[in-house]
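Next, two complexes with chain A in common: one pairs it with chain B, the other with chain C.
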Partner chain A sequence: MLSASFLKRNLACIKLGILSRISYPIDFLMGIALLPLCQFAVEAAFWTGLIGVSGSSSLGGFSLAYYLGYFLWQVLPLGGINWRFERAMIAEINSGAVNALLLRPSSFYEYHLGQLLGQKIISILIMAPFMIVIAWAWDLPFHIERLPLALLMGFSYVILLFALHFAVASMAFFLDHVYSLNNTKNMIIWFLSGELLPLDLLPSPLREWVIALPFSSGVYLPAAYLSGRIELGLFLQGFVSLAIGGLFFGLLARWIWKKGLRSYSGTGA
Partner chain B sequence: MLASLKKICRVEWALFKLSAIADLQVPFNIALQFVNDILWYLMQVVLFETLYLHVSSLGGWGVEEMRVFLGMLFLVDAIQMILFSQNFDQFSEKVARRDLDLLLLRPASSQQLMTAQKLQCSFLLNALCAFIWLIWSLSALPGGFPYARAPLLLLVIPAGVSIFYSTRLLFCTMALWMTRAEHFHEFYFTFFKIGQRPDLLYGPSVRYLILMVIPVGMIASVPTRVLVDPTDQFALPFLLFVSAAFLYIANRFWHWSVKRYMTIG
Partner chain C sequence: MNESIIKTERLDRCYTTVRKETGLLAALKGVFSKTSVVKHALLPLDLEIRRGQIVGIVGANGAGKTTLLKLLSGLIFPTSGTASVLGYTPWERPYPFLRQISLLLGQKNQLWWDIPANDSFQLLITIYDLDKSTAQKQVDRLAAQLDCRHVLHTPLRRLSLGERMKMELIGCLLHSPKILFLDEPTIGLDVVAQTNIRQFILEELKGSGVTILLTSHYMDDIALLADRLLMMSHGAVAYDGTVEHFMSLMPSTKRLLVDFLHPLQEALPITPSLKIPAGALSFDQSLSSSELLQALKLIVSQAPIKDLKIEEPDFEDVIRLFLKKEFSLHQARHPQ
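For the complex of A and B:
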């Protein structure tokens, strides 16, 4: 009974996320399709130019096609950080809009996680075909049979990252300006996930340390696995670090939220 | 012309003092903003230093020239963070909340009030760090950097900032044309990402785009070329012309959009 209502509630949140995303068609089109494609085009232009002017046909042992295949993952918004979404959570706590949610028979956590997942689902449904067409048209190394596992890792990473976002957003109960702290977190994740550059280019032992962290499951591991830069063994290690990281950040988020809520209620909200 | 410039400077100084007082209320935030920008610098440095572990030269630039490029990028970015960034970040929201309506009634430039009302004084420290990095990287150039060329900094840095400002304004002004324009803002940063890398790395069509159409390549690449390559006689006049032209175009586009906004109501 409890699980049925839980499922129903969360499906409603996912639906809300999808509907709120498509209610502004131009904004939706820009955010879901045009922007990720442009980001891919920017990376493609950079790495093409870089390898072109370096005077070599490869960089770090990989040809240009492997780099393009790697950055193709960014067309799917699974690894990237979502600044707008986190800002909304922080603003709700800062402004007291969170009160309306606290009174309802659902949690702030599932309300936002459901919406975030809804947004990701609609984005992937639209962008996955684009990714496949680009890989096919440009003849990029793209192992389509690996896509389901890569997507599974991508969604697991979204849930892990959401726990971290939630922990930072909950700091808004204690601090007036959490936005900067949020930016600090995002800046670090941007590098650690492999969005800036493929992590295998980093010098050893930094490379091994960074890949072992759960953040590499955001971009590096799925993108490298899909494009054939790494094999299954290393890829599967990502699920282990995701599980450990998820548990850690989940507990951290829960602790900060509970503590924040107590001090918030205590100040008269 | 001179009188209006003086007025703009006077208003800006007053806004700076107000912003500084507001910023100093939250010292923790100032420290974090400083750290964030330093982190961003660090990421860019890591990117290029890592790449230079695998190659010796990129488009004729060695790691020393690339460090000058990064110094220029950091300094221009820090200056725009102080003067405009927060205003542009909230631009679309301000339009949606109709804050612009009130600003249009004030006896000051609506463009100035929309784009330079809230300054972020915490980034002064970042600007200082970026300036030190730039001077260090210039002094570390293989042939050295003659002091006689130092006054060029007074031309190329404002030109880079002016191009940054005008291109951002062009994108943000789109908020006056549609209900939600947040993605135009994000779209700008996608373009700016191209400008975060030297234009010499790109193919001819991309270079044309980032130097002539949306000149984000002029923010740091061309100013760096002026500094590191004395033989490039074309770079400085081209940079000054584009910065002046885009400032004018952005201003005209703003006025035209505001006029349309006021007509619609």
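For the complex of A and C:
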């Protein structure tokens, strides 16, 4: 049951996430605005070049505008991989900074999830207007009325992905370094989410399998839904796979964490 | 005050580490076959601590002091044995238990590095579900007592080590814990900061009913604050009693300090196993009464003295002597 103190604690973690991020204003602005805009610019250049050299005005049945509309989702930091955050969790376990958190009446999970959500909220508040302005200025396919549902899927995906990150970070209790494992996981998710390329370009039946996985809710489903590449039916299937995936990764994270604590030696103290 | 608040039975902890050989070839071999080494950090321990006691835990590095604190605070699981702290099993870490304890690690920041201490305290107020105005008054009172109100709004990363430690102490005391685990709270601090922290603990906490387990390498911390001394050596308790009783157990020695006018022309044999070498300009040694007499006779008659002092041994000397003796005994028992 959600108690008042649980909610207060989580709100405080969200606030901490915002406070600690804006304590470094230059880094904050670069990370929140410049980096995603650059990412979008790189994608725009790549797909413009690719479609240009293909000698056709479309690729996989979609015009350049659809590709730009698709990658506009990258401007919001919901589907992309958050390297900084996972590294922080791993470093806290490796260095023993986790000690302080273990001895307070709150969990490491809610502490980091709250902060992550706080950072996502502030990023979206700042970047959503940029997204709308770019779509309007370049006349990209962008269904603004679909934005609330897409954001809901984006936040649900953040929670699912956090459970997976948490599971991998908890491996740091057993292994001295889990950075390579983490990078490998991120590389796989980069592909499975549709961040690398729209998943509908994959050959069948790989396409159907990959779209059925919960990772497609990170980029492909919301981006394709917002840009009009897919319709509501397929989009809503994403929530089902998110629920199943969230439960699976949540239980996995809990199991690894509990096992990790049993072998933990209280590093650094 | 006589109520038992911490009780352990056969509590022990082993650490398994991987032994890594030197060199590239050995490192490559180590990828496929690993040699594990089991180290007993804490041997089966029966311990009882009463409410309000200040227990000073002393020992060389690796003696098991911090492992004991980590077990009793719930940071780590034991290999075997049981412990009850405030009626809870600490490593289960239920929230009602965590609300009643605090662990301060002198070598680790526990407040948030990026934000001002006062923001950290606000977060702690929420985490511990404290009344906001009462807790803020507590922050102000403790900050005034520690003379650090002026840095409450400065990001932690901008503070000096001494200021940070004061903030950490406030963070630890904010929720009025019943048990305080202090692991080397004065480590790395200059003499003035050490004295301030020591004085604060003495005035604010001693006699307040808070039970404190304190480890420190500064014997002044223990001598001034502790009601009870736990001397640990090689994972076991080598002494458990008061500081005064511990001092009385040790053989009576005095420290002799001599500065010579000129380097000694030839060695002075004080005992068969102790001599002042030729060329020495000074001599500093703890000696028994008979050795002291012998040394004084020899030095006064044969060496040109610039300065001579005889000092009573302090707590630190006695501890050093005790640990040295313990180490020799351990070596004799475990030659490998």
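Quick note on the criterion: the second predicted complex is superposed on the first by the 262 of 269 C-alpha atoms of A that agree within 3 Å, B and C clash if a C-alpha of one lies under 4 Å from a C-alpha of the other, contacts with A are read in each partner's own complex, and residues count from 1 in each chain.
FYI, a contact is a pair of C-beta atoms (placed from the backbone, for glycine too) under 8 Å apart; a residue touches a chain by one contact, two chains touch by 3 or more.
As the structure is a prediction and not an experimental result, all values here were calculated from the model.
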Partner chain(s) touched by A:D139 [first = chain B, second = chain C, both, neither]: neither
Touching partner for A:Q39 - first (chain B), second (chain C), both, neither: first
Partner chain in contact with A:L197 - chain B first, chain C second, else both or neither: first
Contacts of A:G52 with chain B and chain C, given as first, second, both or neither: first
Partner chain(s) touched by A:R9 [first = chain B, second = chain C, both, neither]: second
Which superposed partner A:L261 touches (first chain B, second chain C, both, neither): second
Chain C versus chain B, contacts on chain A by residue: B
A:Y24 touches, of chain B and chain C: first, second, both or neither? both
Residues of chain A that lie at the interface with chain B and also at the interface with chain C: 24
Complex contacts: residues of chain A adjacent to chain C: 5, 8-9, 11-12, 15-16, 19-20, 23-24, 96-97, 99-100, 102-106, 261-262, 264-266, 268-269
Of all residues in chain A, those that touch chain B in their complex: 24, 26-27, 30-31, 34-35, 38-39, 42, 45-46, 48-50, 52-56, 59-60, 84, 175-177, 180-181, 183-184, 187-188, 190-191, 196-197, 201-203
In the complex, chain B residues that touch chain A: 26, 28-29, 32-33, 35-36, 39-40, 43, 46-47, 50-51, 53-55, 57-60, 178-184, 186-187, 190-191, 193-194, 197, 200-203, 206
Residues of chain C touching chain A in the complex: 15, 66-67, 69-70, 73-77, 93, 95, 98-99, 101-103, 105, 107-110, 112, 114-115, 119, 122-124, 126-129, 155, 183
